[in-house]
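Heads up, there are several structures right after this.
You will see two complexes here that share chain A, one where it goes with chain B and one where it goes with chain C.
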Partner chain A sequence: MNRIIMTLAATDSASEWDARYLLAISHLNFDHELHLICLPGAVESCHWKDKQWQALALYDLAGCHHINTAPPIDSTPIDWKMARLLLSENQPTLHLCHWQNMDHLRYWVPLIADHDVLLVFGQLDCSTINQIQLQYPGLLFHVVNTSQHPHIKPNEAQHINHQQWAKLIRQHQVVLTWN
Partner chain B sequence: MSDMKYAIQVHPNANWHTSQQQARQLCDALLAEGAVIVAVFFYGQATQITALDVNHDWHGWDSDRSPLLVCSTLHEQQNNATEHHSMFTITGMSSWMQLSEQADQLVIIP
Partner chain C sequence: MSLSLDSHGHLANKTEWNKTWACDMAKADGIELSKSHWQLIAAVQLLFDETGDTPPMRLLIKQLRMRLDSSIDSRFLYRLFPDNPVRQASKYAGLPKPKHCM
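== the complex of A and B ==
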């Protein structure tokens, strides 16, 4: 519980960067083992100043890792496979995604390993689900549809309810939330 | 049945109204399985939940058993309403950190 791995993504907004910084500093104040993983494009879109990065390093950040561009502190270059290993130590992982669009999905999908499960919640119609199935034929994914007028039949294979979502959480020791 | 203890952080990356709604339904499902929710923490855009008055999804929630915490720093930054909210506790990060340390698992609802 006290080992925290924070993913920093290109998709984060300016206010989101502020929120993540406050969270990072708070974890360090509580002597949590905090690791940062800068996903592709994160450093380029980062709103943290160099001084803020350095403050994290001074507060005993346990580790910093990056895919592609390095942040302005000591950081280890890694690839997606290594990022997945750091995040879940090879344990089957439940990925949580609040649906945005296919670009968002494509950005995060490389973190999904064999036997992982993706849960997507949001307003997805049948054509979007079909598109995901076509692009990622081996992907194990479930959908919790939040639309008030879902165009998904209750017997749709991917469609699950909150009890099943809770069961998935219970079955996975690692739950990775996509920013 | 489960006796797992969960800390739930509502930290949206998209429509926060949906995030808080889904978090409530998931928490209800976890409780129905016998799990314990040590706290629910509203963070990022979800700190705006205090501005909703009655239009949130946490009515009937036992906040004595599982407190509903709202990050005070982000709440102030976003100029949210500061009047008294009986269900939600606007608090610093330390309260959340202390409670989340009691949990077996942290689940972040995006």
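== the complex of A and C ==
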């Protein structure tokens, strides 16, 4: 049986909540073992109706876990460390972040453990890269593409090309895409 | 009996649903509603009330097995509603097009 862990985050938009619900139902429809992890603020910003939560419970959701606020179904309180354990069973994890802003990064950073790698893709400038380095000096991260250098320059410290990106995915058993 | 439909051909206001309307809609699609059809329609209406939508096929079958008859399978449902059991049962039950249906 496929084991699926779905993270629900405060950073999700209304349409992402809709998409996640349909995806959750689809997993359950195909007998996948689905677990939900509600990250901080997720329940407060949730666009699912109570009936949709009830539907997931009715259709044999394998487990629900929450950090801080509980959803309106049976759910186990956990902390970031436990969330990370559920997601990756403590294997080195590649975190994929489609760049939004520093707040988004700060929200997800607690899931990064030692020996994990963060890969940021999207539009971010050099000052932002410096900011990340200053705030998280021990963080091993790579950047694909920037607004200043739309053509990838693999010689720059954090910059990698798409082949290196694919290699990183192959090297990691667990890849977590941030919502 | 003419009630307003949404853009997908489903009843616009489910509180207006009645059995005569359902029979007429099914007849227009070449289906004569039997006792089995009505059992399924009632089960789908109940599930919609509980969950806010009609579930996809495999989840629906699981629920029908628990609620109606453990022998229900997809062939049974396709015999009743040959085009698309989930979609057609929802339609005659006066419910919107299920969200997962394309």
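Definition applied: the second predicted complex is superposed on the first by the 169 of 179 C-alpha atoms of A that agree within 3 Å, B and C clash if a C-alpha of one lies under 4 Å from a C-alpha of the other, contacts with A are read in each partner's own complex, and residues count from 1 in each chain.
Going forward, a residue touches a chain if its C-beta (ideal position, glycine included) is under 8 Å from a C-beta of that chain, and two chains touch if they have at least 3 such contacts.
Because the structure is a prediction, the values reported are computed rather than measured.
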Touch test for A:W108: chain B only (first), chain C only (second), both, or neither? neither
Quick one: is A:F141 in contact with chain B, with chain C, with both, or with neither? Answer first, second, both or neither. neither
Taking the superposition as given, does A:K51 touch the first partner, chain B, the second, chain C, both, or neither? second
On the superposed three-chain arrangement, identify whether chain B or chain C touches more chain A residues. B
Looking at the overlay, what does A:L28 touch: chain B (first), chain C (second), both, or neither? second
Check the residue A:E16 against both partner chains and state whether it touches chain B (first), chain C (second), both, or neither. first
Where does A:W178 make contact in the superposed view: on chain B (first), on chain C (second), on both, or on neither? first
Partner chain(s) touched by A:H162 [first = chain B, second = chain C, both, neither]: first
First (chain B), second (chain C), both or neither touched by A:Y59: second
Contact residues of chain A, present in both the chain B and the chain C interface: 22, 26, 29-30
Which bits of chain C are touching chain A when the two form their complex? 50-53, 55-59, 62-63, 99-100
Chain B-touching residues of chain A, taken from the complex the two chains share: 1-2, 11-12, 15-16, 18-19, 22-23, 26-27, 29-30, 32, 96-100, 121-122, 144, 146, 161-163, 165-167, 169-170, 173, 175, 177-179
Touching residues (chain side chain B, partner chain A) in the complex: 2, 4, 6, 11-15, 18-19, 21-22, 25-26, 28-30, 32-33, 35, 43-45, 71, 73-74, 77-78, 93-94, 96-97, 100-101, 103-110
Going by the contact rule set out above, which residues of chain A touch chain C in the complex? 22, 25-26, 28-31, 49, 51-52, 54-55, 58-59
